[in-house]
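What follows is subunit A paired twice: with subunit B in the first complex and subunit C in the second.
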Partner chain A sequence: MVQSIILTGVAIGCVYALIAITYNVMFSASRVFSFTAGTLGMLGGVFGSLFISRMGLPVAIGFLLALAGGAIFGVVTEIVAVRPVLKSLEQHLYVLSTLALALMVQQFTAIEFSTEQQPFPRLLDLPRVDFDQLFWLPMLACAFVIVGLELLYRHTLIGHAFLAIAEDNYAARALGLPERGLRMASFAIAGGIGALAGFAGGEMLLAFFANAPTLTFYGFVPVALGGMGNNRGAVVAGLLLGLFQQAANFLVGGIFASVAVFTVFIIFLLARPDGLVGSAVGRRV
Partner chain B sequence: MDSQVTQVSPVRANAFTASALFTAALPFLVLLILGLAFPLFGGGYWGVIATRACVYWVLVSGLNLVVGFAGQIAIGWVALLTLGAYTTSVLAAGNVMPAWSPYLALAASAVVGAVFGLIIGLPALRLRTFYFAITTLGFATIVTQVALAWQSVTGGGVGVPGPLFPAPFASQWGFYYFCFGLAAICTWMTANIASSRFGRALAAIRDAEVAAEASGIAKPALLVTVFLFSGAVAAVAGGLFASLQSYITPDAFTIDLSILFFIAILIGGRSSIIGPLLGTILLTVLPEFAAPLVAWSTFLYAVLLLVIVLAIPGGIAELLDFKNRRPLESDRAIVPRPELVPRLLGKAPEAGALTLHQVALSFGGVKAIDGLDLEINPGQVHGLIGPNGSGKTTTLNVISGYYAPQRGMVRLNGDALPALQRHLRARARIARTFQTPRIVGSASVLENVMIGGTIDGEATFVESLLSLPRHWRDESKLRETAMQALATVGLERLANVRADRLQHSELRFTEIARALMLRPAYLLLDEPAAGLSSDEIARLATLILAITRAGTGVLLVEHHPDLIFDICHHVTVLNLGKTLAAGTPAEIRSHREVVNAYLGG
Partner chain C sequence: MSMTRRQALASGAAVLATTIARPAIAAKEPIQVGYLPALTGPSSSTGIGINRGIQLAVQEINAAGGIDGRQMELITRDTQSDPTKAVNGAAELTRGQKVSCVFGPVNSGESLAVVPLLARTNTPQVHPCWVDTLTDPQKYPMCFRNAPTNQQIGGAANRYVVEVLKRKKVAVISDTTGYGTASVNAYVPMLKEKGAEVVYQGNVDAANPDVKPELLRMQSAGAEAIMPWSVNAGFLSRIINTRGQMGWDVPIVGQTTLGIGLIAGLLEKHEYWANVYPNNFRPVCFDGGGKLTDRTNGFLDRLKSAKIEMGDTLLWWIALGYDSPRMIAEAMKAVGTEPDKIVGYLNQLKNFPGVYGDISFTPERHNGYPDEQVVMVEANSLKDGAFKLAPGYSS
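Then we have the complex of A and B:
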C-alpha cells in the first residue's frame, strides 16, 4: 500500500509540477498568472485521446500533434488574453481575460468533445508491471522538462534573453531584445509543457474537460508554495503535494483528501504569502 | 466673502442631492414597477425565470460589494449559495434535528453564510489577486464535494428537498413576490452602502489603496464587514434557490453559476448597483430566448467577459453614464481661494512638533535614509529638497508609516508614531498627497474628496445599510465640507465630473482638497508642483501659505527651487540619505555645497 501511495503520489506530483512550470514560464515572460495553465493540461489529455484513440493516428504523431496544439493555444493565449491587457497590469484585468479564455476552451471541449471522461490510449505496448508506464511516463516528462529548461536557460543565447526579460522587462527592451517575440515564444513553450503534462499523465487523469479547473488549482499550489517563477521550488512542492494528497486519500478518503489539501494550502499561504523562499513585495508608493 | 459662501454652498449641495437622487433612482423605480406588475403579463415558465433572476440578484447584490466595489476577484461565490441552500433545506426538512420553520431556517443560513463569507474572504487580506481568485475557486469545489460526501446530512448524490414557505408565499406568484421583496431590500441596502462613506472607501481600496490608507481607512475591518454581509445574503439566496428548485443535489451548484454571478457584475460595471442588476437580469434571461443556447450559455458568458474586459471595461454602467459624455470646457484655470482655508480648517489643531530622530532605513545595500533628524513645526512650511534618490519620498513614507525605520523614531508631540500602522496616521491628523495622484477614476471629484473625510463619519456600517438618520447627517456634513474643500482649491465647478476626466494639475489639487478634509495638523506634500504651469505654481504657493496660517505644519518635497525658497520657513537639503544642509531659505541659498551640488551655478 505504501508503495502504491508513493508511486501514485510522485506521478501525480510530477503532473502538478509540470503545470506549475507552465504557470512559471508564462509568468516569467509576462508577469501574468494565466488561468489557462490547467486548460493546457486538460487539452494534452483530450488531444491524445482524440488523435490516437478516436482518429487512430500513431502514438508518435499524436504526441507531436498534442504538443503542437498546446503550443498553438499558448500563443493564442498570449495574443487574445495577455497582450491586450499588459498595459493595465495594475488593474489585474489579466485574471479576467485569461479566465474567460480558459472557460471558453473548457466549455467548447465539453460540448464538442465529450462531457464524460474518455479513455486515454496506452502509449507504449508494454506489459503491465508494478512500476508501470502509468507512473514513470509523467516522471520522465517532468525530468525531461526540468533538464531541458535548465539547458535552454543556461546554455543558449535565446535562453539568456528569456532570463533577461524575466529579470527586467524594460531594461531588456532597452537593450533591443524583441520582447513581444520572446513572450510569444515563452507562451508557446509553456503551451507545449502544459500539453505534455496532460499527455504524459493521460492514463491517470483520462481525457476530461473538467480536468482543467482541477489542474488549474492543483498546479497553482506548487507555484504558490515554491515561489513565483521558481521552477525547482515548483518541482519540490509539486511532489510534496502529490504525496500528501495520495496519503490523505488513503487515510481519510478521496473527498476529504481534497479538503485536507485545500486547508493546508490556505493555512500555509496565510502564514507565508510569498511561499517557502519568496521575497517581499516591492515599493508601493 | 466668507459669509457669502456660507449661504451658497449648502443650498447648492441640497439642490444637487435632490435632482441627482431622482436621476439615480429612476431606473430602480422603473424596475420596481415592472417587477411588481410582472405577474400581469408573464406566465408560467417566465414566472420561474423572473423568480430565479430575483434570487440570483439577492446573491449578486452582496457579491457586488466585494467584486464591483472592493475589487476583490471572488470567483467561487457559488460555495455560499450551496451552503445556504443546504443549511436551509436540511434544517427545514428536519434531517438532523426536529424540523425548523422555513423562515427560521433561512435566518440560520444567513448566520452560517456570514461566517463562511468571512472564512472564504479572509485570505483576501493577505493574498495577491490571483491567489485569492484561486482560493475562492477551491472553496467552490470543496463545498460541492463535501455536500456529495456527507450523505447522512445532505443526502449525498440523492439530494434533499428544498424548504416550502407557507402561504401567502406558497403559490408561484406568492413566492415570486417573496423573492422580489428580498431582492428589492437588497438593492436598497447595497445602494445605501454604495452612496455612503463605506462604499467610497471600498472603491478607494480597489483603485487607490495607498490613498485609502492615508485617509485612515482600515482595509481589514471594512472588508471583514463586507464579507459578513455578502456571505449572509448569498446564503439567503441559497435558501430561496433551494425552495425554487424544490429539490437540490450537488449537481445544481456548478461552477458555471459562480461564473454567471461574477460576470454579471463585470458586465454591469464597477462601483455601480444598476449595472450589475441589469447584468444579472440579462444573463438569467439570455439563454432562455433560444433553447440551443442553454448548452452554450457558459461559453457565451465567457465570450462576454472577454469582450467586456478588452473592449468596454466600464461595463453597462459606463454606457448609461450620459452625464459624463458632455465635453468639459477645454480651457479651465484652477483658481484656488486661499481666503476660504480658515473656514475649512477651523481653529488650529493643538499639536506639537513632528520630529524624526536619527531615522535610518536601507533597502538591501542601499542606504535610503541614513540617520536623519528633522523637526517640522505647526504653522510652518518645511521644505525637503535634494537630488533624485536622496531619500525625500522615503522620508515621507517613513512618516506616513509605509516603511518601518531600522533605527530611530518618528514622534508627534513627543509620542512615538507606530511604524507600519498606516491608517492610524489619519487619526493623528497627518494627511498627505502622492507623487503620482492616487485617485478613484470612476468616482466623481466630489466623491474622491469625500474619501478624505472618511474617519469623521459617525454612522456604523449597519446604520448606513439601513439608511438611519446618522447616515444622512454624515453624508450631508461630508458633502458640505468636501464642497468647501473643492471651493478652497478652486475645483468646485468640476465637483460632479468623473475624476479620470481631469487634467493632471487638477488631480493634484483634488488630492490637496482630499487631504484638507482631515483638517490636518500636518500635511505632507510630495512634489505638488510637478506638472503645473508657473501660474498654477504661484497659486499653489499662496494656498500652501494660507494652510500654514491656519496652524497646519507642511512638509513640502519639491524640485522647484523657486517654490521652495518663496514659501518655506525652513529648508532641509538631503543628499544620499543624509542632511547636507539645513536652515532658512536665505542660508541655504548661500550654502556653497548646496549651490555646487544641487542648485547649480
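Then we have the complex of A and C:
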C-alpha cells in the first residue's frame, strides 16, 4: 500500500507541479493567471496519442510535435486571451478571456479528436515493472523542467531578461527590453511545459478532452499553496498534493478522497493565506 | 364591382380545384418524424451507432414505397448530449415542425428532460433509454420504450453473478455520475434480495487515475465478483487493468460498455479482457457454435451491402436504430398519422419482430423489451460489433 501511495502520489504530484509551473511562467511574464494551463496539459496527452498512436509517427518526433503544439497554443493564448486585457488587469477580465479560450479548445478537441478516453502509447519498449515508466516519466519530466528553468533563469542573458520583466516590466521596458517579445517567449515556454506534463503523464491520465478542467483545477492548488509565481513552492506543494490525494484514496476512498483534499486545502489557506513559502507583502493604503 | 358570368364560373372552378386538390397534395407530402439523437458531445457513441441503423431503415422504407405512398422524412435535431439542447430540439419539432411522432432522445439524461415536455404536447414518442422512470402509462400515456429498463439490465447481471457464477460476495462500484450512482442504489438491494452479500459498495470519481485502493478494499472484503456500473470507458478499463496487475482473477460483470472496442485499446494486455461479462441482447449475440439467428444474419448482409461500418460500434446499437423507424412506420401504415391512433396501435403491439428484440406493449406496460432477451456475453469475443453468449446460457 505504501509503495502504491508513494509511486502514484509522486507521479501525479509531478504532473500537478508541472501544470502549476505552467501557471507561474505565464503569470511571471504577464501578471495574468491563464486558465489555459490545464488545457495545455490535456493537449499534451491528446497530441501524443494523435501523433504516435493514430498517425504512427516515431515517439521522438511525436514528442517534439506535441511540445511544439503546446508552445504554439501558448503563443496563441498570449495574443488572443491575454494581450487584449493587459491594460485592465485590475478588472480581472483575463479570468473570462482565458477560460473562454480554454473551453473553446476543450470542445474543439472533443468534437475533432474524441469524446471518449483514447489510449496513450507506451513510450519506451520496456517490460512493465513496479517502478514503471508510467511513474518515472512524469518525475523525470518534472526534474528536467526544474533544472532547465533554473539554468535558464540563473545562467543565461535571456533568462535574466525574463526575471527582469517578472520583477518590474515598466523598468524592464525603460531599459530597452522587448517586453512583448519576452512575454510571448514566456508563453511559448509555458505551453511547452504544460504539454510536457500531459505527455509525460499520458499513460496514467489517457488522452481525454475532459482532463483539461481536472488539470486546471488540481494544477491551481499547488500555485495557491506554494505561493503565486513561486516555482519551488509549486513543486513542493504539487508533490504534497499528489501524495495526500493518493493517501486519501487509500484511507477514505471514493468521492471522500476529493473532499479530504479540498478540506485540507481550505484549512491550509486559512492558516497560511500566502502559501507554503510565501510571506505577507506590505502594501500602501 | 360587377362580375360577368364567365368570371364567376372561372372563380368557382378555381376554388373547387384548390379545395379538391389540397388533400391529394397532402397525401403525397412526406410524413415527418422527429428524431433526437446525440450525434456529438460526450455521450455520442451510442447515438452514432443508432443513427447508422436509423438511416438504413428509413432508406429501405422509402425505397419500398414509403408509408402508403408517402415518404418518411426524419427531422433531425442533434442534442449534442446536452439535455437543454434536447429540450429545445423537442420543442421545435413539436411546435415548429409539427411532426407526427418522435424517436429519441437516445440518452437517459436527455430523455428525463424531454419526456415530460412531449407528454404535454400530445406527441407519440418512442425512446430506447434505460432509466426506469422514463415510461409511465399514467403520466406519459404516449411514451413507449423499445429497449430494456435499468431493472432488466441490472436483473440480468445480478442473476448471472448469483445464479450462474454462484458468487455470493459481490463488490458494486460506479462512477459519480447520475447514472452510476442511481444504478448502484438500485442494484444493491436487488442483489441482497437474491441472497448475495454486498461486501463493497462505492462511487468513485471517474477522473481518478488510480483505482487500486478501491480494488484492494474489495479484495480484502472478500469480494468474489466485481460489478461496475459506468459508461466511462477509461474508468472501466482502469478497473480491468488493475485487476490484471493484481493477478486477481475475479469475474467482472456489468454494463455493456465493458465490451466496446475502445476498452480493448485501453487495456495493457488483451488477456486482461478475459472473465469480463457485459450485458447484451440475445438476438444480436453469437450462440455457443458462433452463429447468429437467421434474422440477424439477414440484417448483417443488408449492413454489409449498404457498406455500413460495424467495427467501431456495437451491433445492438445499429439494430436498435434499425428497428425503431420500422416499428413507427408499421403503426402509421396500419392506422395513419393521428397521434391517438398511433398510440392505440402501439398499446396493442405484440411481438414486433425486431432485429434487436421482439417488442410488445399493452396499455398498462410501455416497456416493450422482453426480460429473457437481456443476457451476458464474453467481452473478449467482440467481432463485428457482436459477442458470444457468456458461459451458462443455452443457445
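Here, the second predicted complex is superposed on the first by the 277 of 285 C-alpha atoms of A that agree within 3 Å, B and C clash if a C-alpha of one lies under 4 Å from a C-alpha of the other, contacts with A are read in each partner's own complex, and residues count from 1 in each chain.
Just so it is clear, contacts are C-beta pairs under 8 Å (C-beta built on N, C-alpha and C of every residue); 3 or more make two chains touch, one makes a residue touch a chain.
Predicted model, so just to flag it, every value in this text is computed and none were measured.
Enquirer: Return fit or clash for subunit B versus subunit C, each positioned on subunit A through the superposition.
Expert: Aligned on subunit A, subunit B and subunit C clash with each other.
Enquirer: Quick one: classify A:Val59 as touching subunit B (first), subunit C (second), both or neither.
Expert: neither
Enquirer: Just subunit B (first), just subunit C (second), both, or neither: which does A:Ala164 touch?
Expert: In the superposed model, A:Ala164 contacts neither subunit B nor subunit C.
Enquirer: Does subunit A have more residues touched by subunit B or by subunit C?
Expert: Result: the larger residue contact count on subunit A belongs to B.
Enquirer: Which partner does A:Leu205 contact after superposing on A: first (subunit B), second (subunit C), both, neither?
Expert: second
Enquirer: Please indicate which partner A:Gln117 is in contact with in the superposed arrangement: first for subunit B, second for subunit C, both, or neither.
Expert: In the superposition, A:Gln117 contacts subunit C only.
Enquirer: Kindly classify A:Ile72 by the partners it touches after superposition: subunit B alone (first), subunit C alone (second), both, or neither?
Expert: A:Ile72: touches no partner chain.
Enquirer: Should A:Phe220 be classified as contacting the first partner (subunit B), the second (subunit C), both, or neither?
Expert: first
Enquirer: A:Leu243 in the overlay: touching subunit B, subunit C, both, or neither? Say first, second, both or neither.
Expert: Neither partner.
Enquirer: With the two complexes superposed on chain A, say which partner A:Ile255 touches: subunit B (first), subunit C (second), both, or neither.
Expert: Touch status of A:Ile255: both partners.
Enquirer: Clash with subunit C: which of subunit B's stretches 81-89, 153-161 or 513-521?
Expert: That would be 153-161, the only stretch with clashing C-alpha atoms.
Enquirer: Across the two complexes, what residues of subunit A are contacted by subunit B and by subunit C?
Expert: Comparing the two interfaces on subunit A, one with subunit B and one with subunit C, the shared residues are 111, 214, 253, 255, 258.
Enquirer: Per the contact definition, I'd like the list of subunit C residues that touch subunit A in the complex.
Expert: 40-45, 81, 176, 202-205, 207-210, 212-214, 216-217, 232-234, 237, 262, 265-266, 268
Enquirer: Please give the residue numbers of subunit B that touch subunit A in the complex, ascending.
Expert: Touching subunit A from subunit B are residues 71, 73, 75, 122-123, 126-131, 133-135, 137-139, 141-142, 145-146, 148-149, 209-210, 255, 259, 266, 295-296, 298-299, 301-303, 305-306, 309-310, 313, 393, 396-397, 400, 402, 434-435.
Enquirer: Which residues of subunit A touch subunit C once you look at their complex with the stated criterion?
Expert: 1, 4, 8, 12, 110-111, 115-119, 128, 204-206, 208, 210-211, 214, 246, 249-250, 253-255, 257-258
Enquirer: How about subunit A: which of its residues touch subunit B in the complex?
Expert: Checking each residue of subunit A against subunit B gives 33, 80-81, 84-85, 91-93, 95-97, 99-101, 103-104, 107-108, 111, 213-214, 216-217, 220, 224, 253, 255-256, 258-259, 262, 265-266, 269-270, 273, 284-285.
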